[in-house]
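Consider the two complexes below, in which subunit A is the common component and subunit B and subunit C are the respective partners.
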Partner chain A sequence: MATALGGHAPGSDKARPWTFYALATLFGVYLLFLYGPMIVIYILSFQGENGGVTFPMVGTSLVWFKNVFRPDQMANIPASFERSLALASVVSVLTVVISVAAGLGFRRRFPGAAALFYLAVASLVMPSLLVGFGIGLGFQVLGIQAGLFTSALGAQLTWTLPFGLFAMFAVVNRFNRAYEEAANDLGASAAQRLVYVTLPILLPGILGVAMGAFTLSYDEYARTTLAVGSENTLPLEIYALISSQTSPVLFAVGTLTTGLSFAIIGVTLLGIRHIQRRRAAGTLGPYITS
Partner chain B sequence: MVTGHDVELVAVTKRYGATLAVDQISLRVARASYCCLLGPSGCGKTSILRMIAGHEPVSEGDILIGNKNVTDFPPVKRGTAMMFQSYALFPHLSCLDNVAFSLKMRGVAKAERRVRALEFLALVRMEAFAERLPSQLSGGQQQRVALARSLITKPRVLLLDEPLSALDPFLRGRMREELKKLQRDLAISFIHVTHSQEEAMALADLMVVMEDGHIRQAGAPRQVFERPKSPFVARFIGGHNVLSGEHGPIAVRADRCRLAKATNGEPHLSGRVAAVEYQGSLVRVVLETDHGEGATALVADNTFYASPVGPGDPATLVWSADDAHDLTDV
Partner chain C sequence: MTTSDSAAEVGRERRQLKLPAFRLAPYAVSWLQVSPLALVLVVLFALPTILFLVVSFFDYDRTGIYPAFIFDNYRDLLTTPATIRVYLSSLRFAVIVWAITLVLGFFIAHFLIFHVRTGMMRTVLFLLCAIPFLTSGIIRTIAWVPFLGRNGAFNQILVKLNVISHPLDFLLFSDFAVIVTYVHLFTLLMVGPIANAMAKIDPALLEAARDAGASRWRTMVDVIIPLSKTGIALGSLLVFTQVMGDYFVVKTMSGGQSASIVSALSTEIQAMQFPPASANAMVLIVFVAILVGCIMRVVDVRKELVS
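Now for the complex of A and B:
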């Protein structure tokens, strides 16, 4: 008699229905649509010195990458990259601080909680361009100079905070309040409880929010464009470059920024995985025998 | 002070909005005793435990611990320690750091924390697992660590919220013995919430049967089992038939009932056998009486097999008048 282990999984030797092939084809086309253009860009960024923005490749070179780092009168990629990085870092920190605090605070059903929540997430549905325009206009009316860390920062926070808040709701929902009660029981003050219990347990989720806010800020365009003032962020600079000149430098910028995004995501995921693995499997330290 | 009570509840009431979870409960737990709060889910037993611990504010009434009114004290000032149903061991800390947590919060130096925490891990025989994380332990091991973490605070009263419900039956029995032994050795009070009457009878010095936010009966397990006051208590602690007597409901222990012919005007009920369960040393015979009541007889196996009955057979349930008593509370 065949044992359960030796047998086939039920249905595994049945022919797949035609719908499987139809949907698989659809999915394949979708993947091609999604990644095809990007792959073309990555390939073309290695275009030879005398090549253009389309195929065929005229040899290969890294000259366009070098050009990225050489400021010219049309665009200053390195400077705007630094600005974007600085802005995204500030946005990320502020988003984490505010949304973690709000996520923990919203566990209490305080009066007006629902209204405050809808108010906070309403900016997600408002047209981005109008939000940026309103902020830019507001600064002008008040006679304040629009700038990277004033109006542009505010405009980006209208985008990242609701996302951060949603993410923290999901994180906090899975958090067992008994941990906090146990901390109280064991004599922790409110601050000790936060530092030694709540934040460490929520850390993977908090890192996720930080990463999300960083990437949202880093490639934000619509809200920033009308609120940024005189100094461009990287996406604005790239857009300016697209409308003024066409050379494979654009593609090189695309390749570099994609690489950076993946690097950030990769590092964060590794960090989260490290924490989770430490908790799940732990470090098999030496047993103490006394 | 030698006399006095470890815990005293005075007309404690708990409301959640309009619902009354605990209704004016008064209870005294004698020094160094094992108290079990027993009742079906939603009877308010966990609310009482959480109010004693200070994790839930009291709506009305007072809580005294060691003759001190602690009603408005934070948990750490009460002299209680709570063991949570989920254990609530901090997942990011090793067993040692979990147990040493309360010392760290009080600013005890690291070396001393370590020594003391190891002592308490040794008390629950978990010192070999000091460097492990909670997720690397089995449920029973996690529970021991949680126990050590609670006991290191030197509580006067240890509060246990359904501590055995997550364990398999074999482990449950063993942990039960250990809990009782720890309580005796440490000479502190344990207040243990459970819905298992078996657990309460095995452990408790004081068994408190609750229903609907009220204490229905409190006393030594033997006293409660031999003299349940109300039909609810008799049914909830099990082993009793609740039947209608001359002056209202009566309780008769199922193991004092037999299947026989009634003689000399002995009290009896006739009916038909509804089910027969073999339980090893006993056979459980369920009867449906002619009035439609259900009744159970626990019969010694050799007695049963001397004249066995099967489902559908007519049978008469007989008991002696001494074994029945009136259920005065309704």
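Now for the complex of A and C:
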């Protein structure tokens, strides 16, 4: 969503005010605070074979990374990782479809809009564990087996959908409806208008929603734990590991996750840049020229 | 092949010709567009919440749960001194963390939006803030253990720099550690909405304020803060409710010294005592709803967002 942020760029010929240096320092300190412990776990993930979860380092090794990929009786990280990826992908797609539709729907006044809005806010602020508890309890009452793509998926949607909806409000607010009116005037059907005009213009924002939903799902713990049934997602597996024993394997997982995050962000940014290039070149057709 | 193609074409033409006859009222189109969202939220959020309400009045013993309409679960909960203590403790954490993340989040957003000059730089800096957010919250929480511990990185740095002579003990497994972890986890929830609100401020307004002789401070207090209040309200909502609903951070970082509302609840759930757990949940929901209602009273988030 970062790319969707506009900003105010004062003329670069002007001298920086003192507040710039003060705030830049604050920002730097915040980054140190943010990355300090992360860097510690990156380093400790290369801990030697006999080392523990704290300093000092006892030599260096890649044994903890190897252990991540080796299932044992404690945890099966590769399997739970695959489940997390699959679940996050499904959540991401559903969140995009549902929240984009709803974001477009909220542009008009309609009866029940206020009720639905507050329902979304309530779903967002509901203490996470309670959502999973409620859904788990509901499945139990109905006699349905809780599962990854039923109850856990539902529990995560109660979290990603309000986020997606709010992000879409921001995206839709910046959207100039004159493009749609122009499409109408040129005789486009509702479907053509949606596919050739509205969605392409909203695409960068939609990609942001997809990425956000994926991350929220991939990292979700508290909502999922009571609704997941017998198959753990990665965060649940990590949690199980913490409760049983602590070893630098966890840190290796953190290092790998960060690497993966960088990869996902990189791919998304490249995608957005690609779209902007194509747009600049006008290959999306005569519909979008800006 | 050709006949079916031409038949399809005729069909398409007919559909297009007929289209105006099927035109729905605008509100009905909106209904169709929001119906999947409404369905998911009603089935997966509203109904389970109603289920809590019902079950919270049920009776239970060691072997099962019995439909009933008794207030015992609520009475037991509300007359236990531990309940009040846990709520006060969580509320204290929430207020402290809210105040820190608000100030920090506001100034970081201010820096990103008003001081960074190029869009590219802004994106890069924003991503730098967001990347740790993508690592599991559990891992980010336990990352503080080797950092803050007695032999941790922070103490070693301070000792090497001769700032302190002995390692500090209060850093880990304390309220301090809990607050540090919360701030680490949740500041971005404040930065995002506030930056979004600030990005919408028309630069002409700031110029007008400067031309009218306002100092930087006055511009911030009288122009930027009022125009960012939606973002401030949304960020506050998120931070407050995340802290109130947390149990992992308190459990891990306080070293068992502090309790949280949800940890008591989770113990009851594990013991299959669903009626008292539901009563506990309902009290927490009402508490959070009052907090959220107060914030929404100050700022009409809906009016600002759905314009």
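Rule of thumb we're sticking to: the second predicted complex is superposed on the first by the 240 of 290 C-alpha atoms of A that agree within 3 Å, B and C clash if a C-alpha of one lies under 4 Å from a C-alpha of the other, contacts with A are read in each partner's own complex, and residues count from 1 in each chain.
As a convention for this text, a residue touches a chain if its C-beta (ideal position, glycine included) is under 8 Å from a C-beta of that chain, and two chains touch if they have at least 3 such contacts.
Note that the structure is a prediction, hence the values are computed from the model and not measured.
Trainee: Can A:S189 be said to touch subunit B (first), subunit C (second), both, or neither?
Mentor: both
Trainee: In this superposed model, does subunit C or subunit B come into contact with more residues of subunit A?
Mentor: In the superposed model, C touches more residues of subunit A.
Trainee: Please work out whether A:G138 is in contact with subunit B alone, subunit C alone, both, or neither, and reply first, second, both or neither.
Mentor: second
Trainee: According to the stated criteria, A:I201 is in contact with first (subunit B), second (subunit C), both, or neither; which is it?
Mentor: First partner only, subunit B.
Trainee: Per the contact definition in the header, classify A:F175: touching subunit B only (first), subunit C only (second), both, or neither.
Mentor: neither
Trainee: If you stack the two complexes on chain A, which partner ends up touching A:R278: first (subunit B), second (subunit C), both, or neither?
Mentor: Touch status of A:R278: first partner only.
Trainee: What is the contact status of A:F65 with respect to subunit B (first) and subunit C (second): first, second, both, or neither?
Mentor: neither
Trainee: Show me the subunit A residues, by the header's touch rule, that subunit B contacts in one structure and subunit C contacts in the other.
Mentor: Common to the two interfaces on subunit A: residues 189.
Trainee: Name, in rising order, each residue of subunit A that touches subunit C in their complex.
Mentor: These residues of subunit A touch subunit C: 1-3, 5-10, 12, 16-17, 19-20, 23-24, 26-27, 30-31, 33-38, 40-41, 44, 53-56, 97-99, 101-102, 104-114, 116-131, 133-135, 137-138, 141, 154-155, 157-158, 161, 165-166, 169-170, 173, 189, 215, 218-219, 221-222, 226, 234-235, 238-239, 242, 246, 250-251, 253-254, 257-258, 261-262, 264-265, 269.
Trainee: Where on subunit A does subunit B make contact in their complex?
Mentor: Listed in rising order, the residues are 176, 178-179, 181-189, 192, 196-197, 200-201, 203, 275, 278-283, 285-290.
Trainee: Spell out the residues on subunit C that touch subunit A in their complex, using ranges where they run on.
Mentor: By the definition above, subunit C touches subunit A via 16, 19, 26-27, 29-34, 36-38, 40-49, 51-52, 55, 104, 107-108, 110-119, 122-123, 125-140, 142-147, 149, 151-154, 156, 183-184, 187, 192, 195-196, 199-201, 203, 206, 216, 234, 237-238, 241, 244-248, 252, 261-262, 265-266, 269, 274, 277-278, 281, 284-285, 288-289, 292, 296, 301-302, 305-307.
Trainee: Would you pull the subunit B residues touching subunit A in the complex into a rising list?
Mentor: 53-55, 74-76, 80-82, 84-86, 88, 90-92, 94, 101-102, 104-106, 118, 122, 127-133, 135-136, 149-150, 153
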